[in-house]
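Written below as C-alpha cells is the structure these notes are about.
For reference, chains read A, B, C and D in written order, and residue numbers begin at 1 within each chain.
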Amino acid sequence: MEALATGHLFALTGAVLVGLGLFGFITLRHALRQLLAVNVSGAGVFLMLGGLGRGAATTDPFPQALVITGIVVAVALTAFGAALILRQAEEDHAAKEDDERGGKT
Amino acid sequence: MTGLFYAAAMALLVTVALALVRAWKGPGTIDRIMAAQLVGTGVIGVALTLGAARGDATMLDAALVATLLAALAVAAFVASRAPRGARKDGEDRS
Amino acid sequence: MSPLDLLVVAPLVFMVLSLLAGGWQRSLLALAIATMAALSVWLMTLDPGTAHVVGGWELPLGVLLRADGLAQMLVPAVTLTAGLTGLYALHQFAPESHASNAQTAAFWPLYYLMWSAANAAFLTTDLFNLYVTLEMASIAAVAMAAMGSVRAALRYLLIALLGSIFYLLGVALILSRYGTVDVTLLAGMAEADFATALALALMTGGLLVKAALFPLHGWLPPAHAAAPAPASALLSGLVVKIGFVITVRLWFEGLAAAATPAGLHVLGGIGALAILFGSLQAIRQESLKALVAYSTVAQIGYLFLAFPLIAGAGHAWAGLSFHAVAHMIAKAAMFLAAGLMLKAAAGPRIADLAGLARAMPLTVTAFGLAAVSLMGLPPSGGFSAKFLLVDAALRQGQAIHAAVMLIGGLLAAVYLFRPLAVAFSGSETPVVPPKAPSMVAAPLALALAALLLGFAGGPLADLATGGAPATVAPEPLPALEDTVETASEDEQ
Amino acid sequence: MSLVFDLVLCLMILGTAAASLLMRSALGGIVFFIAFGNLLGIAWLSLGAVNVALAEIAIGAGVTGILLILAHARLSAMGDPVECEPTSPWMRAAVAVICGGLIVLLSVAVLSISPTDRMGAQIATLMPALGIENPVTGVLLAFRAYDTLLETFVLLGALVAVWAIAPPGGWPQRPASLAIATPVSLTVIGTFSRVLLPASLVMAAYLVWTGSDLPGGAFQGGTVLAGGILVAALGGAIALPRADDMRLRSVLVLGPAMFLGIGLGGIALGRFLSYPVGLEKALIVAIEYALALSIGATLALLVAGKPVPPAAVQEGGD
C-alpha cells in the first residue's frame, strides 16, 4: 500500500513539474530561461516514469534505463541550445556595436 | 534504527529547506550562491543518511558524486564571478 | 544479416569516418551512396512485414525493426534524396575548405547523422527508440538551419524540445500503462481508456510540432528558407516526414483502439486548413525560398487530410504513402534548383529571377518539373498521390475534402507559376557563372524521379498496401485490378 | 516515516522548481535549478533507483547547472542581463489555467495506472546470461543497446552542431578559455583543480567498473570525468584542445566507434549488437570504458562551447 502511494506521489510530482515547466516555457521571455523550463518539464516526465515503475520493494530497471538515456539526450540538446543562445547574443551584440559606430560617424 | 536514520534525513532535509529560503530571499547573488552550497552539503548528508536508513551502501556513491560536482559548481560560480573587465550587473555587488 | 539495422548503422559509420577523414569527404560520399543504394535495393526485395529484434532480445524488452510497405517506399526515397543532395552539397560545402570553414567541417557528419535518423525513424516500431531518433534528427536539422540563421535555428530548437517533451510524456504513459513501447505489441493490447487517449493526444501534439502541421508550423518557414539549399532540401524533404510517419504508426497501428473517428476528422480538418493557409501564404511571399518553404506547410496538410479517409473505401493509404515519397523528392529538387537560381539571380526576391530560364535552362526545367509534381499534374508522382486521395474522398462522399485538395492544386499552380513566369520573362539574359555538372544534375535528376514516380504508380501503390496495418481497408486498386495481389495476401 | 520523508521531499522539489522558474533574477533561477536537480537525485534514491540518482546528480544538476552558469556569465559579459520582461497578468493567468488543466489531466491518467515493477522479474531472469548484475546496465548495454548506441551519436552530434556555429575566424580553434584570470583565485582554484582532476579520474574509473554489478556505468563515470576536466580547465591546469586536433577527434569517436564495431562484429554471429556467448561481460565493460572516455571529453567540450578566434580565447570569450 505504502509502495503504491510512494509511486503515485512521485508520479504526481512529476505531472506537476511538467505543468510548471510548460508555464515557465510560455511565460518566460528569455531563451536561456526557456531552456531551463524545458529541463524542468523533462525532469517531470522522467519522474513520472520512475514513480509509475515503483513496485512493492524495487523500481523497474527498464524505465530507469530509459530515464538515463533521456537525461543524456536532454543535456546534449541543452548544451547545443546554450551555444545557440550565446551565438545569437554575439550576433546581436556585434550588430548593436556596428549601429553605434555608424551613428557616431 | 531505521526510524532514527529517517529522522536524521528529515532533519537534514529541513536544513536544506532553510538554506533554500535564504537562497530565495537573497538579497545579493553571493548570498544565493552560499545558500546553494549549503543546499549541496545538505543533500550530500541526506543521501548518506538515506543510504543508512535503507541499508543501501551504493547510495554513498551518489553522495560522493554529489560532492565532486558540488565542488565543480563552486569553481564555475567563482569563474563566472571573477572580475574580468567591466561588468554591468550592479545588483551582484550588493 | 539484415539491411534493416545496416541502413541505420552504415550512415553512423560514415559519420565517424567523416569526423576523422578531413578532406576525404568526396570519396566517403561516393562510398556512402553506393552502400546505401545497395542496402535500399536489398530492403525493397524483402517481403513486406519482414522484421527482427536488434541483438536478438525479444519484445517487450528489445527494439523491433520492421520493413513495412511505408518504410520500403520511404527509405529508398531517402537514399535518392539524400544521395543526390549530397552530390550537390559537395560544391556548396567543398571538402577542401574543411580546415577553414566550420560549416563545411560540421555539415558532413551532421548529414550522415540525419540520414541515419531518417532511416531509423522509418524502420523501427519502438516508441522510445523513436524519441532518440527524433532527437538525432533535431540536432542535425537545427544545426543545418543555424548555418542560415541562428535566430531561426534557436526558435526551431526550443519548439522542437517542447514537442519532444510532449511526445515523451505520451511514451511514459504508454509504457506505464502497458509495459511496452512497441507499436506491434500495442496494436494487440491498446484499449480506449483515458490514459491511452491522453497519451495519444500528447504524442500527436508533440509530433505535429515536429511535422510542422498548421498551426504549429511557425518555426518552419524561417528555418527552411534561411538554411543553405542542400540543408533546406533535407529539412523539407526528410525531417518533417519523421513526425508524420510516427503519427501514422500511432493512429493506424499501435493506438488505433484509441483513435476515434472524431480525432481523425479533427486531424483531417487541420490538414485541410494547412493546405489552404500554406498555399495562400506561399502566394503572398516575395522571396523564392520562403515561397517554397510555405509550400511545404501546404503539402504537409495533404498528409494529414488523408487521415479520416484511410479506413474507408478507396486507396487513401496508398495515396498517403505516395504523397510522402513524391513530396520528399520533388521538394528536395525544388529547393536545390531554387538554390542555384538564387545564386545566379540579382537578389532573393521572385522578381529578381527574370531571364533565368534562358541563362540556366536545365535548372529552371528542374524547378518546373518539381512544380508539376507538387501541383499534382499528370503524369507525376504528385498526380498519382492526389488522384488516389481525391478518389478515396469522393467514394466516401467527403466532397469537402476532395474540393480542398483540388483547390490546393490550383493554388499551388498559382504560387508555382509565378516564379516560373518571371524566370521566362525579361528580355535580357543574365550572365550566370558556370556551375559544376553534378550541381545542375542533382535537382534535375530528383525532379525527373518525382515525375517518373507517376509511371511506377501501380507497383508502388501495391507496395504501400502490402505492409499496411490491419486498420487500412483492403481493396483492389482501381486501375490495377488485374495486377497481382499484394504480397502479404499471397502469403496468407 | 518513509512516506512523510517522501512527501516533504516532493514539496521541496516542487518549491525549488517553481522558484527556478518564477524568480526574477536569472542567476537565482539557476541556483534553484541546481538545488532542484540535487533534490531530484534524492527522490531517485528514495525510489531505490541509484543509477538514475547518479545520472541526475551528475548530469541533470551538475553538468546542466554548470552549463547554465557559464552561459549566464557569458551573456551578462556581453551586456545581456538575462532578464525577462514580465508578461501581462492576463496572459499569465490564461497560461496558468492551461497548464493547470494539463496537470489535472496528467494526474487523472497517473492515478488510473497502478505503479508496478513490470519488467524487473523478466530482466532478472536474463541477467545471468550477461554475466553482470546491474539490471540497468543490462538494459542499457544489452537489451536496448540500440537505443544507447543512437544516444551516444546524439551526444556526438550535439558537439558537431556546436562546432557548426563557430563565429567567423573561430574554426578550428579552441573554445573560449574557462580559466579564471585573477592571480589570487588562480592559486586557490589551481591547487583545487590539481587535486580534483585525479580524484575525478579515479571516481570515473570506479563508477564504470562498479557499473556492471552495482549502480554506476559509462554515463555516470563519463560525466564525473567531464567534471574533472572542467575543473582543471577552470583552474588553468589544462587548455582545451583545438577542434581539428586528431587526438581529440579520436577520443571523441572512440566510444561510439567501438560500440559500432562490436555491434557489427555481432553480425558475424548472426545479429547486429548480439554479444558472443561467454564474452558478454568483457565486451560490455570494454564498450563502457571507451564510452566513458568519449562521453567525458564530449560533455566537457559541450560545456566549454563553440570554438572562438584565438584572440578571444585569452579574454575568456568576453
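What we mean here is this: a residue touches a chain if its C-beta (ideal position, glycine included) is under 8 Å from a C-beta of that chain, and two chains touch if they have at least 3 such contacts.
Model, not experiment: these values are computed from the prediction.
Two chain pairs are in question, B-D and A-D; the one with more C-beta pairs in contact is A-D. A separation of 20 Å divides the Cα centre of chain A from that of chain B. Chain centres here are Cα averages; for chain B and chain C they lie 48 Å apart. Computed centre separation for the pair chain A/chain D is 12 angstrom, with centres defined by C-alpha atoms. Listed for chain C are residues 61, 128, 132, 135, 139, 142-143, 146, 150, 169, 173, 176, each touching two or more other chains.
Multi-chain contact residues, meaning those touching two or more other chains, do not occur anywhere in chain B.
Chain D has residues 2, 46, 48, 63, 70, 72, 79, 106, 113, 115, 118-119, 123, 139, 144, 147, 151, 154, 157-158, 161, 165 in contact with two or more other chains. Inter-chain contacts occur between A-C, A-D, B-D, C-D. By the touch criterion given at the top, residues 61, 128, 131-132, 135, 138-139, 142-143, 146, 150-151, 153-154, 157-158, 161-162, 164-165, 168-169, 172-173, 175-176 of chain C touch chain A in their complex.
The part of chain B that touches chain D in the complex is made up of residues 2-3, 6-7, 9-10, 13-14, 16-17, 20, 23-24, 26, 29, 32-33, 35-36, 39-40, 43, 46-47, 50-51, 53-54, 56, 58-59, 61-62, 64-66, 68-69, 71-73, 75-85, 87-89, 91-92. On chain C, the positions that touch chain D within their shared complex are 1-2, 5-6, 8-9, 12-13, 15-16, 19-20, 22, 52, 54-57, 60-63, 99-103, 105-107, 109-110, 113, 116, 120, 128-129, 132-133, 135-136, 139-140, 142-144, 146-147, 150, 169, 173, 176-177, 179, 193-195, 198-199.
Those residues of chain A that touch chain D in the complex are listed here as 2-24, 26-30, 32-33, 35-37, 39-40, 43, 46-48, 50-62, 64-69, 71-80, 82-87, 89-90, 92-93. Taken together, the chain D residues at the contact with chain A in this complex read 2-3, 6-7, 10, 13-14, 17-18, 20-22, 26, 29-30, 33, 36-37, 40, 43-44, 46-49, 51-52, 55-56, 59-60, 63-64, 67-68, 70-72, 74-75, 78-80, 82-85, 87, 91-92, 95-96, 98-100, 102-103, 106-107, 110-111, 113-120, 123, 135-136, 138-140, 144, 147-148, 151, 154-155, 157-158, 161-162, 165, 167, 217, 219, 295, 299, 302-303, 305-306.
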